[in-house]
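This is the structure, below, for whatever I ask next.
Chain nomenclature is as follows: A, B, C and D, assigned in order of appearance, with residue numbering initiated at 1 for each chain independently.
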């Protein structure tokens, strides 16, 4: 198995969003189920894009489809904690973007979990890849190292 | 069918909690799926109890089991909105509590949705109803009209 | 509080659908979280309509919006159980339908939980109520007592 | 970005479990949200272990904690499809297991999505890694290539 990455610190991320946990997130072991971490990832990515006018999920001509996701888990999260999700862009391709996300407990500088999402941006109707729209490139520029 | 209730206003509720919506909450019609409203209800109820020392879901001798839930939907919620959940206690029984919850958009005084949860408090091991613990009664007193 | 209803038996329902539970459904108390029951309700209702050509969630001119939901819980369900969801129609209104659902463990005749969903059928674009489409009335006829 | 893997065929997997999709799984784009795929992964892994007596999530002395998850998405899934989840074990470590999972539409031989879960098995009380229990090794043997 490949070596486990080390937790990133907050300084590695350019944008943060607060996410409140829910009672239902906790599984039988008393902490947030591993699946929900991806819901937090998806929320910070799409939340950023919507807030910056780069994604209109209901009417936009271009939508993002996920082709790869990944997460490493370091420390458990648990309801009723509040989570801060950090976001950065690691790679801007022709039609794809690799987003990297860290999840932080409110009093911690090291990520409790971190991972990535690769989105391919496609024409809503044909679902074929398109060049990244200028609006998207502009919105993502501040997230690129 | 019974008459539809009218939306309650914020003044009807004694305690509020902020809940952030998630990308995944939105269903194919572009707003928060009706099921997730109950997740918000459950979060404000248990969040209040944990914050006030009246519920320890992992070690407490008494836990709450849900026997009835209900929701009326007035206005759609949608990610990335932030929701404020209002809570009050409508009835304290021998071993049960009826919680009433309203969900509010941040700029609205009328509930977007409202409903109730009836919990029966039981011994964790035997799952038989118990008298409401004093700690719980004390915590709920400020929520009772 | 109003009197608790008695569990219905399988004979009360006209259509059944099998639903597999998921690891994540179980909450900290080791059984399916109360919220997920509504996901099962929504699945049997919309699954029936899609299978019978009465709902096209992506392109149909008429869609169903939920205005009221309710559930009574009698026995816990838990992953990895398989659940059978029974469906009947209790009321056909001008533009609304009241669906009643029972959830059954595979070896039980009495419902582990039961409840209802009231849907109002609306024009997809205007979201105003419409007369129930003939296709929907026809599909629902076998579910009406 | 690293090269995208090719979809595996059913023959690559040793065990299959049927998973029914739910109305709520579909997101605003009309197919199963990327997050839910992990719920399917977690379900086939833990479902297999429970069915084979190698995991007792409520009372067992050893539980599995997830340290890494990954998914590649090739074809969309959508409610009301039924999904078949294939499972194999790629690596048995001292205290960890790498499970690989493929998700298949019912009429397809190539995976619609595939990924992995790395679990570390720990003492329930101390949450420290333990040697893989003999019962677990025995249960996993048929899944190892």
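Note that in this section contacts are C-beta pairs under 8 Å (C-beta built on N, C-alpha and C of every residue); 3 or more make two chains touch, one makes a residue touch a chain.
Keep in mind the model is a prediction, meaning the values are calculated, not measured.
Taking shared numbers over all numbers used, the subunit B to subunit C interface scores over half, which places it in the same class. For subunit D, the chain whose average C-alpha position is most distant is B.
Spacing of subunit A relative to subunit B, judged by their CA centroids, is 29 angstrom.
Rounded to whole angstrom, the centroid-to-centroid distance between subunit A and subunit D, based on C-alpha atoms, equals 22 Å.
If you average the Cα atoms of subunit B and of subunit D, the two centres end up 33 Å apart. Within subunit A, residues 23-24, 26, 28, 30, 33, 35-36, 39, 42, 57-58 each touch two or more of the remaining chains. Contact residues of subunit D toward subunit A in the complex are 1, 4, 28-29, 33-36, 38-39, 42, 57-58, 63, 65-73, 76, 91, 93, 96, 98, 118. Residues of subunit B that touch subunit A in their complex: 18-20, 22-24, 26, 30, 39-40, 42-43, 45-47, 50-51, 57-58, 79-80. If you check the complex, the residues on subunit A that touch subunit C are 23-24, 26-28, 30, 33, 35-36.
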